[in-house]
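Just below is one structure, and these are the notes that go with it.
A, B, C, D, E and F label the chains in the order they appear, each numbered from 1.
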Amino acid sequence: MSDGQTATKKMRDSVSAASISAQLVKRGFRTRSIANITPINPSANRIYGPAYTLRYIPMREDLATGPKTGQSSNPQRRAIEEAPKGSVLIADTNGLDVSGSFGDILVARLSQRGVSGIVSDGPMRDISEIKQMNFPVFSKGNAAPPSYTSMMAADTQVPIGCGGVATFPGDIIVGDEDGVVVIPQDIAEDVITAAYEQDLLEAYIRARVENGESIVGLYPPSERVLSEYEEFRQEKS
Amino acid sequence: MSDGQTATKKMRDSVSAASISAQLVKRGFRTRSIANITPINPSANRIYGPAYTLRYIPMREDLATGPKTGQSSNPQRRAIEEAPKGSVLIADTNGLDVSGSFGDILVARLSQRGVSGIVSDGPMRDISEIKQMNFPVFSKGNAAPPSYTSMMAADTQVPIGCGGVATFPGDIIVGDEDGVVVIPQDIAEDVITAAYEQDLLEAYIRARVENGESIVGLYPPSERVLSEYEEFRQEKS
Amino acid sequence: MSDGQTATKKMRDSVSAASISAQLVKRGFRTRSIANITPINPSANRIYGPAYTLRYIPMREDLATGPKTGQSSNPQRRAIEEAPKGSVLIADTNGLDVSGSFGDILVARLSQRGVSGIVSDGPMRDISEIKQMNFPVFSKGNAAPPSYTSMMAADTQVPIGCGGVATFPGDIIVGDEDGVVVIPQDIAEDVITAAYEQDLLEAYIRARVENGESIVGLYPPSERVLSEYEEFRQEKS
Amino acid sequence: MSDGQTATKKMRDSVSAASISAQLVKRGFRTRSIANITPINPSANRIYGPAYTLRYIPMREDLATGPKTGQSSNPQRRAIEEAPKGSVLIADTNGLDVSGSFGDILVARLSQRGVSGIVSDGPMRDISEIKQMNFPVFSKGNAAPPSYTSMMAADTQVPIGCGGVATFPGDIIVGDEDGVVVIPQDIAEDVITAAYEQDLLEAYIRARVENGESIVGLYPPSERVLSEYEEFRQEKS
Amino acid sequence: MSDGQTATKKMRDSVSAASISAQLVKRGFRTRSIANITPINPSANRIYGPAYTLRYIPMREDLATGPKTGQSSNPQRRAIEEAPKGSVLIADTNGLDVSGSFGDILVARLSQRGVSGIVSDGPMRDISEIKQMNFPVFSKGNAAPPSYTSMMAADTQVPIGCGGVATFPGDIIVGDEDGVVVIPQDIAEDVITAAYEQDLLEAYIRARVENGESIVGLYPPSERVLSEYEEFRQEKS
Amino acid sequence: MSDGQTATKKMRDSVSAASISAQLVKRGFRTRSIANITPINPSANRIYGPAYTLRYIPMREDLATGPKTGQSSNPQRRAIEEAPKGSVLIADTNGLDVSGSFGDILVARLSQRGVSGIVSDGPMRDISEIKQMNFPVFSKGNAAPPSYTSMMAADTQVPIGCGGVATFPGDIIVGDEDGVVVIPQDIAEDVITAAYEQDLLEAYIRARVENGESIVGLYPPSERVLSEYEEFRQEKS
């Protein structure tokens, strides 16, 4: 169903994490979806872009202090200023879940710089402030303490594990209310195109279901349904 | 407080899971409530109906593929077409929480067929689509991957465990924002009637509390309060 | 940054849990924040007041019944009538998470009596009713069963552990969407004042970030930024 | 099967936690067993005695220091010197599992003083030293840090929750490799006697099973089997 | 490396779960290993045989009583008398972990009947008795309460999920100290033969490692190492 | 109590993780102990040496295959050949717990090369083989699948988080049955010396306890006890 063509802006803006996950499974990738993270902002509940990675390790009391955290050599601060426009800053919090991995000032700076959004497998803080920014932030839970009470940034742009998913710099991150999927860079265009096609087909199938048809033969679609769908598409275009 | 009479439609539409749970405890049932599942749709946050059960087991890679999942002999698909009008489709996901137990097309079909709603102790996918349907779906968390990446349906209409609660086909399922309770079929009418009465009594008590009374003697109600309540009811009717 | 002066009403009404947590860390307290609890009411998502503590232990079947629960000697009921106006009723549920630690009638009574709010590290029940009260309730999850199916109150006004945080009667409780922090009583004024100052400074910093400045030198603020901030404050006042 | 007579020393020395649990269930107590704790010493894997309770709460950094821990007013130290000869010191660690709730010196002192043993729902430290004492210690896991890094003792001889089980001072504690059960004091003699009888009957049944009989009619025993057992007992005595 | 020949008794008696798991992965099966269960008896820490399945669901208080549990129609009791000689009784406990899924009398009967062993993803009870039988029992943890306090048997010989692994009647179960693997019946002979060959090869490699060789080129083995191994085998036979 | 002198071999061979943890807390380090990992070999239950770190991330299906795992460029294999004699190979498994982080051949090679031992916060495989080597392996649980079914090595000698503890290359690792502690390199000598002194003092205190003394004034030791201890030491030397 995928023709290999370049993913268009429309595809990127609407393709669902659910269909991407299904297309990844088809290609042998069963473990590419980050579970149990959700968008903080109802008004910014989609995320899309190439991964810029950040890796946290547990804090050490003599190193993890407010001032040391702010040094420009700190990988967290470097990430905030270096993650390219359009990228998604994605963080591996090493399972640490008692402090916020980012707060509102860092989020505001990323938004200002044109970064596409943040994905963290740990909590956020300053949540009521972040909710007022129109900026996609996907994370797990809430926590008041600053990051340095439990974690410290170790490096950027290395392969990480985010929520159990291997993530390499440049992998394509797509997220919506179902969760976040990480697409290996070299198959991203193909997967996104195929997933977008799947979304269109499923919308067609769902419309027929809502008109009262049984799912038998319809979902997954029989050959006949697929050719009716082709007809429908040609009429529409 | 229960007179054993048949539960009326009004009772069914408003009785609270909290009072049902209390009435079940009174009858010796301390473990009839499914914890940690919530309604996906704010506009459809109540569920009521007899259980139609579905049992999942972990997937096996050679059996759990998209096409095989769609075969009409697949118990999941059979459930979608067979769960009776008015029933609640309730699923035991065997503790599997990394893929969606149902997606929007199956949910749409159940809604079309007049099923009352879905309860799953696992995640859902296509959540933004499901949120737009006026149909009660109670589940735990979100996940982008299709069900077959972690689970496959084993059978329907057998006794299951949903979220730690033994559920038999025909048991009465009642859910609201507090969670979902499962009432053994042969005591359901009695429990629902008594719980509805308890709801009315507690609304009366709460009104008095909101007028400034202490809970001492009022909650739980003394004999005097109970007779004042009887008076109040008779005046009202 | 703290001048030790008494925290004003304005400070109390707006100070963030995030900044309080940072100020506590500065003073050597790294473990004063309750994770994974959230406000039930979007319209009452801040809490502030001195702690009135309640301790639950697991229920024992012969003691944990509805009527016994209602006796005025029951510490839960005593807490409802005794927690002082303005205080925060804070409960240690001993890790029990399958029944509601409070329901709507008790919440209504606390609200009537002028208590500031409730914090529980366990679930609530009667959630749809509680959502309609304009009263702060911070808890973890939802559960339909009444408290006595899994827990019973043991005593009040003793030191407790709430969500992993040591809480003494009189400690100052502050909560918002980031979570709840517990400030030791004798440093509360100082911590709140300093946190409020930090909030103001961070709002100033964030405004500059939103105007396009880099965080380098700005956050954490350099000496220069701090003196510019002082200027800004004086102009403003 | 219980005749209500006083539990003899033989009963106390051999009665199984498994049968006690079954007898408690018969009397309506389904939640009296502490799961997931095990004896540290293979050579001291039984424990028996009335409960002396100790309650921990989370540490607070300014209070939880080595020297303060050692003050004789510290409830932990008081417990070590006050728990009566023959009693079981049982601790509620409030879910804190990253530091040892007791170490070898305190254990040695309890052993010296004739206390029957320790039950904790948290970890122990100095495990290799404790393994060399012939003294029953039941706990959950291991941890190197001293108790004061995560917990501090709050009081003694109050009702506690140990591993999810309500425990009152004076309750009878019985433990073996299956776990630890807590028997309400006023039914302890009756439960222990009945459980001991059950142990004898089950040993008889198991001997017949090992001689090749089917469990049908034998386990649970039919009337005929019960009368054969009575005969067997009379012959034996 | 597998020649498809029938697995010999020697293979069955020694093949490692680790190598079987590796062979299953080679064939596309990444999820066939039950984690976190261990053998109770040090002297019986291997298990092998075709699966006879048993499925538990949560107990319901009116059905889960001692006497009802003993009825011969109870699937648990039926399993005990019907599981064929040589088979492995494998149980899905539906995530219930607070009561023993089997006790010593049932284990003794299975041993007497020539069943090969038991695998349960829940706890066992009567552990000190079971430790004295020379019979393989693989389970997770310990618990004193009888099974009926938290679970009841629903049916036998249906597909189940044991510890997250889909298990069909007749699948081949192999377990050792690394855990338990479940081999789909129709590839079992092939997988076991190949795994046994892998074990032999790895023993050879390990011997060379213990003689001081680097793993480079040796593990995984280069073509040269593989031909040296062939030579070694021929010399040996 | 520490005189800053270099830690002797005797100190290194016997110092306890428990006392090291206490000394670290004294210096402000409350989070330096890895919980819930245990030695596999009863005969090799102590570990000591400078850290050589290895970092795993989740596997990606197209990269995580047996042969790719064996390439000498694979950081896992590099670690096996490069970890210096005397060092402790310590691995961050990124929370992945369903496959073995190391197996017997790799362990044998490390042992051969004179590495001091292995610490992993994930499971091991080939456990029965490893148990026969006299080599310290500290890990969490058991798993049959090879590492590449869930994880792949990302790099070596970078700062990692092992079981929630920040670990830098060169940090001193000490482990025994209480768990594993990680000492920052620049305070290691001082901490170990002080901990060894603490062990000696506590052995003296315990001997007095075993002779019947109360812990009051003895533990923690009063000034008088400390001077008696000094006397005892001088007599002894």
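As a convention for this text, contacts are C-beta pairs under 8 Å (C-beta built on N, C-alpha and C of every residue); 3 or more make two chains touch, one makes a residue touch a chain.
What you see is a predicted model, and the numbers here were worked out from it, not measured in a lab.
K.L.:
Just the number, please: Cα centre separation of chain B and chain E in whole Å.
P.N.:
37
K.L.:
With centres defined as the mean C-alpha position, give me the chain A-chain D separation in Å.
P.N.:
Computed from C-alpha means, the inter-chain centre distance equals 49 Å.
K.L.:
Between chain C and chain F, what's the gap in Å when you average each chain's C-alpha atoms?
P.N.:
Taking the average C-alpha coordinate of chain C and of chain F, the gap between them is 39 Å.
K.L.:
Can you list every residue of chain F that touches 2 or more other chains, as numbers and ranges?
P.N.:
30 - these are the residues of chain F that touch more than one other chain.
K.L.:
Draw the chains as dots and join the ones that touch; what shape do you get: line, ring, star, complete or other?
P.N.:
Other.
K.L.:
Who touches whom among the chains?
P.N.:
A-B, A-C, A-F, B-C, B-E, C-D, D-E, D-F, E-F
K.L.:
Touching residues of chain F toward chain D in the complex: what are they?
P.N.:
The touching residues are 16-18, 20-22, 25-26, 30, 33, 35-36, 38, 45, 176-181, 202, 205-206, 209-210, 212, 214-216, 219-220.
K.L.:
Quick one: in the complex, what on chain B touches chain E?
P.N.:
Residues of chain B touching chain E: 28-31, 56-63, 92, 94-96, 152, 154-155, 158-161, 164-167, 184.
K.L.:
Using the touch rule from the top, collect the residues of chain E that touch chain D in their complex.
P.N.:
66-67, 69-70, 72, 77, 80-81, 97-100, 103-106, 108-109, 112, 123, 125-129, 131, 141-146, 148-149
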